[in-house]
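Next come two complexes, and both contain chain A; in the first it sits with chain B, in the second with chain C.
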Partner chain A sequence: MPEHKDKQGVCFFVYNNEELDYVDLAMLAARYVKEYLKLPVCIITDEGTHGWLKQSQSQEDIDKFVDYIKITTDELKPNIRRHYDSPYTEFKAQFSNSNKHKIWEYSPFEQTLLLDTDYIVKNSFLLKSFEYDGVAMFNNALSIRNDKPHQNEILLYDQGIKMWWSTVVYFDRSDFSKMFFDLWAHIADNYQFYQFLYNFPGNLFRTDYCVSIAVHILSGMEQSNIIHNYDDEPMYFVSQRDNVIDANNIQDWICLGNSSTESWKDILIKHSNLDLHVMNKRALLRVKPKLVEHFNAR
Partner chain B sequence: MPDNIAQNGYVIIAVNPTEYRQAQCCAFSIKSKMPDASVTLVVGKQSKVQQKFLEGFDAITELPFTVATNCRQNDWQLYWASPYENTIAIDCSTLVKTDLTSAWDYLIDHCSIAFPNSITNMRKDQIYPLYKKHLEKDYNLDVIYSGIFFFKKDEIALRHFKMADIYFQYWTDVCSKYLKPEHIPDFFDADIMHTLVADHTNGDVVTIPKILSYIDMRNSAGNTLNKVNKWTDKLTVWPSNAGKIKIQNYAINDVLYYHEEEFLTQEIFNEQQHHYNNITK
Partner chain C sequence: MDERLEKALEFSNYTLTLNNQKQNIKNRVAQLQLVHYNGGVFVANQETISFVKTMIDLDKTVDGVIIDSKDNPIRVKDYKDLLEKLVDAYVSASQEYAVEYDKLRKSRSIKSIMDW
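Here is the complex of A and B:
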């Protein structure tokens, strides 16, 4: 168990690949955390990505937005993910998430909020997490068009169990939380077996599926409220086919919400004051300079 | 009929050997959860029921009037067939995987006749079958479900059963009178018929949210079956020791109305029987 200098804090896993600069994403996400949650930030990364952090970001920014850096040596399993950047661009990239359950070991905090680097905090809602005992995650999501996500992101498959999102994972240091992460590790280690048992699709290793199964098992294979779900509040997301095209200030983002049935149709959306899971990471990286400008101009 | 029959109990109608077996398994499940419960098998002709089907029941009784081959079309006779003052009637293709004792207390105190007005899938999410949407939208009916229901032997409940007498025996005529042709079911549908009777008896039937609500498997899978007709062809069932059942990895700890006879495999039947024997003997 690490020593906990700060009681509460936010962690990000940051592993770069050749297509996406997760360092840049993490620095933006950390900037928003500092703005709205005012909590210490820990980046969990590997040697290579750490080198890129020092090379690509100013020391002033690192000192300002990152309080802890944890270097890991885990072997990250090959996990190729297909990404979209609007409906018209598609690319594949390594998705390094096989050690996410080790946050229990890596987090320097007693109460940890683990966020994905594409989750942008735009209000203080997540501070609610620290009132919870045990573990909290979202199991409800809405697109910026207020549409439900694809069916296999509501249930693992059409008659399967409910999906929980591992985008935001809050946990304390209770025995229950330890059990949750142990179970997550077990499911990750036996992923193919659980894929067979729970019948979820695809070849991509998804931690969302691992946590969903862990919640299901810990709930005695029933629906239960053993894991907090932020009182059914949805996690808003920009899908990979949506776009972020401009920012009026650090809060007001101008997005294009793509129709799931008619891909040539977008609607223009101004999105403010709500946290956003920006799955279209390239869009986020494109708008980042403007956001940083807005931060610096204040 | 034994003289010492209880005041409160369960009745299950069954009119053929497949249904006797289902009813017996239902009785096993009831007594595994509530060993002191009294359960009566209601049949067309008692002499036709093999002795092996009687284990698990406290009594067997006959339907007093003409017997329809669709067992649920005989629901209207239950008022006269039930040996109990307070009765919970259960469809034979049901397993009771929860203790209903507190529901009994509430129902006896508050209702003459009560039906559930909500059903769930195996995740315990409330579900809305398509026919319910039609009945609510086009006819302003408050839909009730009849996989399990409660009644007392009193005047209020009697009104329901007397009207059901006519409605159930002449169900096609009744449906033709009140429903558009496209909404008339192909076969006798107990939920629709009890809904019509309840609507036409001016609010005698009580519905209480969540009380008596059950898992309805046919309607659970209805939206996703596509070309598959039966949920048992699509969804996975895992029986295990102590009578436990999981469907799609969900532990079933409620009243399970499974509908399809294919569900009740010999393995599941044996496990329910074995668990019943462990609990009661």
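Here is the complex of A and C:
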């Protein structure tokens, strides 16, 4: 495939596991990117997942929604993550994210928007990214109930540094961006040391923590605006305990917003016109056929 | 359950859902009001629009600088162009706000709020 044909574009890392079909998620996310950002899409994947892409998706859809495919051979470190699908179901699955910093090397674009496959673009807001120099990510988040995330997703620990989300990472090809990704790689390589230093919890390797520490270091260990934060706008999310139960059309999603304090309580929410990070991936996969139906019916 | 309480709880659920939907509309409007200009970011609200218009009216636009919403000084070469962008964003955001707000105001049940 031609390199650097397009100046701006969107990349997704897509590595399947036995529990979640990331290919299916990526194809849905790419469809929304084409609809609202109208940008070329690059899928970064491995040989096995690429095989599944060709087997599970029609060639017509692949041609329509994917412009570049980059096959990687990186060894993906074991990283078991606990997922929820509403408050009532939980499962564990491999979370392959150890090479995410290599997007600098893998992206075919001069200006790249790296999105997670569960981030659904529902308006053109992210096009503002291309007006930034350097790097941009969200450092605020708001649930579909308009609640803040759990405390350990606001700060790395109670007295810790501000958390930045690696769900959406914009970067250009500046020296500063290169330094950012080199630092991210260094932190990933020395994750246990930085876990000790920054006191963040858990055994899961999280790139959110890597980028948060990188931002902190590059900011002179203080708060600064060296990294763009989407003008203080929050990233809206469907938590793993929330659910997406239906879609009136490609835009209006009917969701159940679960109470963070009383897990038996949900409220119905119609979510429209704002991008959504759908952390409950199984819910997204369940509603996908309906969404595709709506796309095709137009 | 006491029918009076049942009705009140149903209304309570409706209010909760309604308030959340109102906030979702405001979230969308906030995004629409953001205007990037010459490396700065401005919120297209009445205050910013009035300020830019005042600068134009008082002919204070030569070598002009405006402090943006991130407290950075932004050089503005063409105030009219900035004003136009601000007004466009404001009009578009407030129009969408009005349409969605009206829809919500007419919805008397959770089902109709959901349009489902």
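Operating definition for what follows: the second predicted complex is superposed on the first by the 295 of 298 C-alpha atoms of A that agree within 3 Å, B and C clash if a C-alpha of one lies under 4 Å from a C-alpha of the other, contacts with A are read in each partner's own complex, and residues count from 1 in each chain.
The rule is simple: a contact is a pair of C-beta atoms (placed from the backbone, for glycine too) under 8 Å apart; a residue touches a chain by one contact, two chains touch by 3 or more.
Bear in mind that the values here come from a model prediction, so they are computed numbers and not experimental data.
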Superposed partners chain B and chain C on chain A - clash or fit: fit
Partner chain in contact with A:G160 - chain B first, chain C second, else both or neither: first
Superposed model, chain A: greater residue contact from chain B or chain C: C
Partner chain in contact with A:N146 - chain B first, chain C second, else both or neither: second
First, second, both or neither for A:D175, with chain B first and chain C second: neither
Partner chain in contact with A:F125 - chain B first, chain C second, else both or neither: second
First (chain B), second (chain C), both or neither touched by A:H216: first
Touching partner for A:E18 - first (chain B), second (chain C), both, neither: neither
Touching partner for A:D252 - first (chain B), second (chain C), both, neither: second
Which superposed partner A:D231 touches (first chain B, second chain C, both, neither): second
Least Cα gap, in Å, left between chain B and chain C after the two complexes are fitted on chain A: 13
Touching residues (chain side chain A, partner chain B) in the complex: 158-162, 197-199, 216, 220-223
Chain C-facing residues of chain A, complex: 123, 125, 128, 131, 133, 142, 144-146, 225, 231, 233-234, 236, 246, 248, 252, 254, 257, 267-274
Touching residues on chain C, where the partner in the complex is chain A: 13, 16-17, 20-21, 23-24, 27-28, 30-31, 34, 36, 39, 41, 69-70, 96, 110, 113-116
In the complex with chain A, residue positions of chain B that touch it: 123-125, 221, 224, 234-236, 246, 248-251, 253
